[in-house]
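In the part that follows, the structures are each spelled out as structure tokens.
Two complexes are shown next, each including subunit A; its partner changes from subunit B in the first to subunit C in the second.
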Partner chain A sequence: MKLRKRRKGILSRLLRALFFRKVPAKIGIYGPPNAGKTTLANRIIHTFVDENEDIGVSTEVPHETRRAVRKEGVLIDLKSKSVQNPYLNANPDSNVTSTPEQKPREGKSKLKLDIVDTPGLATKIDFHDFMAFGLEEKEAKKRAKEATEGVIEAIKWLDDIDGVLLLMDATEDPYTQTNIVIIGNLEARSIPMIVVANKMDLAEAAPQRIADAFPQHAVIPISALKGENMGELYREMARRFR
Partner chain B sequence: MHKCLKCGKKFERITEAMLKGCPACGGKLFLYLKDGEDISAAELVDRIEVDEREPLEGERIESLRILSPGVYELNLDKLLERKEIVMRIKENGTYIVPLPSLFRKKKQKR
Partner chain C sequence: MEIKMDLISEDKINSMGSTEKLRFILDGVKSGNIVILEGGLTSEEQMKLIELTMTEVSDDFPGIEISGYQAKRSFFNLRRKPRLTVIGPAKVMRTIKKDKDLISAVVSAV
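So, the complex of A and B:
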């Protein structure tokens, strides 16, 4: 079984190398609103492209990202110093516990990807929720409409995506309809995915709960905000999305 | 036995004239009655059972419901499954299918 899996990997990699040489895999960051998708996208861009470039604005208001944003040709370099300790310079007094570096298990340490930050997937969008954050009724209704369009756009993007980082808030219950529906659909489409348990820096975070909920998938606990455990995520990405 | 639902007249069997309407009043709706059974149109309406139960999430046909301006309910299952979008406006059962969503071709892979 393991052998066959590996052989398939080699074959698809060979095919990819032959036919899709210059097309980087498109990786979509999916998940419910407020899971930290844009924070993660920004973190990846800061680490590998430009420290001052943002893919989007992240706030505590849900549905801040209402259009899918793509950043092309992000070169993930596992050997770059910023992966070893991403926030050493920017945030010296934060207690980042960097995991001991291991050699990547497979081949090359560089991986070129297109990163797509998508709007949060939700089953209900109510403008009252935005008004709770101080938005005017008119503005809140406009946002609700845009957020709904955003969900549809995010789903349309799936047709064009080669791999998914499914982000979840580790402080919340992972057994939501949204999560289960997305995972089921990705499995049906056989899109490779990594489940990312975000916000592990918070005291009430329980990444293990997510790992227990979806045992068939790789679950990587991170903190996109503080940059914790990012090295492991990048290595897993290199393994799965090559 | 056939009963005209307009005038209530009963007929043993269907005649050729009845194909154009009730010979007595011209009504075009007939109800078939079993032997010895009699029923009025009003009673018949009462007999119809309307399933008013809200369908469960998985049974819904619409991918998007607009409950009121600014309140949307999305059926992710259906949105992920299908290419087209079926919208339901408010609770009065008006449906909209945006045609472009039906005709949009799949993005060509490079």
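So, the complex of A and C:
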């Protein structure tokens, strides 16, 4: 039954890919809380839609995003200035080197996508954690309740997603069960993914640790906050999600 | 305070249906037990367990801690065979180190 359902999922994706290319692919931004999912979503919107528009609010409090937010029809243009020059928004103090420029083929430089910013996936949500950030008990419990609903919503969105940007915090150990479960589910559903090693601007960041943990997947180090190496991510998105 | 550990055989787990299996695990964990599954859960089952857990999070039960080895590929690299999975109440269990073949966790009574 499960196998039949999975086959149906793969078949419908294949049919859609062959006959319904006009519909933009829905790309979900997934990852644990505080990996920088909303910061990345905002960065993409600022670059390709409107630099004053935010898809959501990002703070240091975990589970700030408790509802999935979809931005439709984002046109990723690889020829735009900010993509052509990956150092345009780069932090001059950063010593990170970018990979060599790969020019997109003529006619393949634009890609329309729907971007879905999802709540952080977690196996536990304790209201005391929110109180540590100064929230009153009542407010903390309300947030915890909403956060649990957010996790369920993020999981349900996997049924409708065509590709995933899996965000990980490059300053933390990537070999967590949450990351393994997400990757396992995406592989089982044959959903294309890019592992994004965020926060590369921080001194303690070790993107290589992520690449070593998941060698079977493309890993792109970025700083969504500082806009570093975003060009390489957009080019990889164009290659993988077209 | 004593903490009970349930070591469940692969045969026992395989004899249960998908929902029954997850219910069995979550009931054990909500009672304060550490549940260790020989054979483990697939990624899809673990995701369903997370989903089910989220519906039952409360002030007293903040969720679960789950750890397991990455599935082994078998049958011409097509099938993923899960290995051991450990699930415990988040209040008492915490994974401190984990890699491909080692899980190090601390269990502390509250």
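The definition used in the following text is that the second predicted complex is superposed on the first by the 203 of 242 C-alpha atoms of A that agree within 3 Å, B and C clash if a C-alpha of one lies under 4 Å from a C-alpha of the other, contacts with A are read in each partner's own complex, and residues count from 1 in each chain.
Just so we're on the same page, a contact is a pair of C-beta atoms (placed from the backbone, for glycine too) under 8 Å apart; a residue touches a chain by one contact, two chains touch by 3 or more.
Here the structure is a predicted model, which is why all the values come from computation and not from measurement.
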item: Joint occupancy of subunit A by subunit B and subunit C, clash or fit; value: clash
item: Which superposed partner A:D159 touches (first subunit B, second subunit C, both, neither); value: first
item: First, second, both or neither for A:H217, with subunit B first and subunit C second; value: neither
item: Subunit B versus subunit C as contact partner of A:V151, first or second or both or neither; value: both
item: First (subunit B), second (subunit C), both or neither touched by A:L121; value: both
item: Which superposed partner A:T176 touches (first subunit B, second subunit C, both, neither); value: second
item: Clashing subunit B stretch [against subunit C; choices 3-11, 21-29, 39-47 or 75-83]; value: 75-83
item: Those residues of subunit A which subunit B touches in one complex and subunit C touches in the other; value: 121-128, 141, 144-145, 148, 151-152, 155, 158, 177, 181-182, 185
item: In the complex with subunit B, residue positions of subunit A that touch it; value: 23, 121-128, 137, 140-141, 144-145, 147-148, 151-152, 155, 158-160, 177-178, 181-182, 185
item: Residue ranges of subunit B touching subunit A (in the complex, touch as defined); value: 57, 64, 69-77, 79-81, 85, 106-107, 109-110
item: Touching residues on subunit A, where the partner in the complex is subunit C; value: 2, 121-128, 141, 144-145, 148-149, 151-152, 155, 158, 173, 175-177, 180-185, 187-188
item: Contact footprint of subunit A on subunit C as seen in their complex; value: 42-44, 46-47, 50-51, 53-55, 57, 59, 62-68, 70-71, 80, 90, 95, 98-100
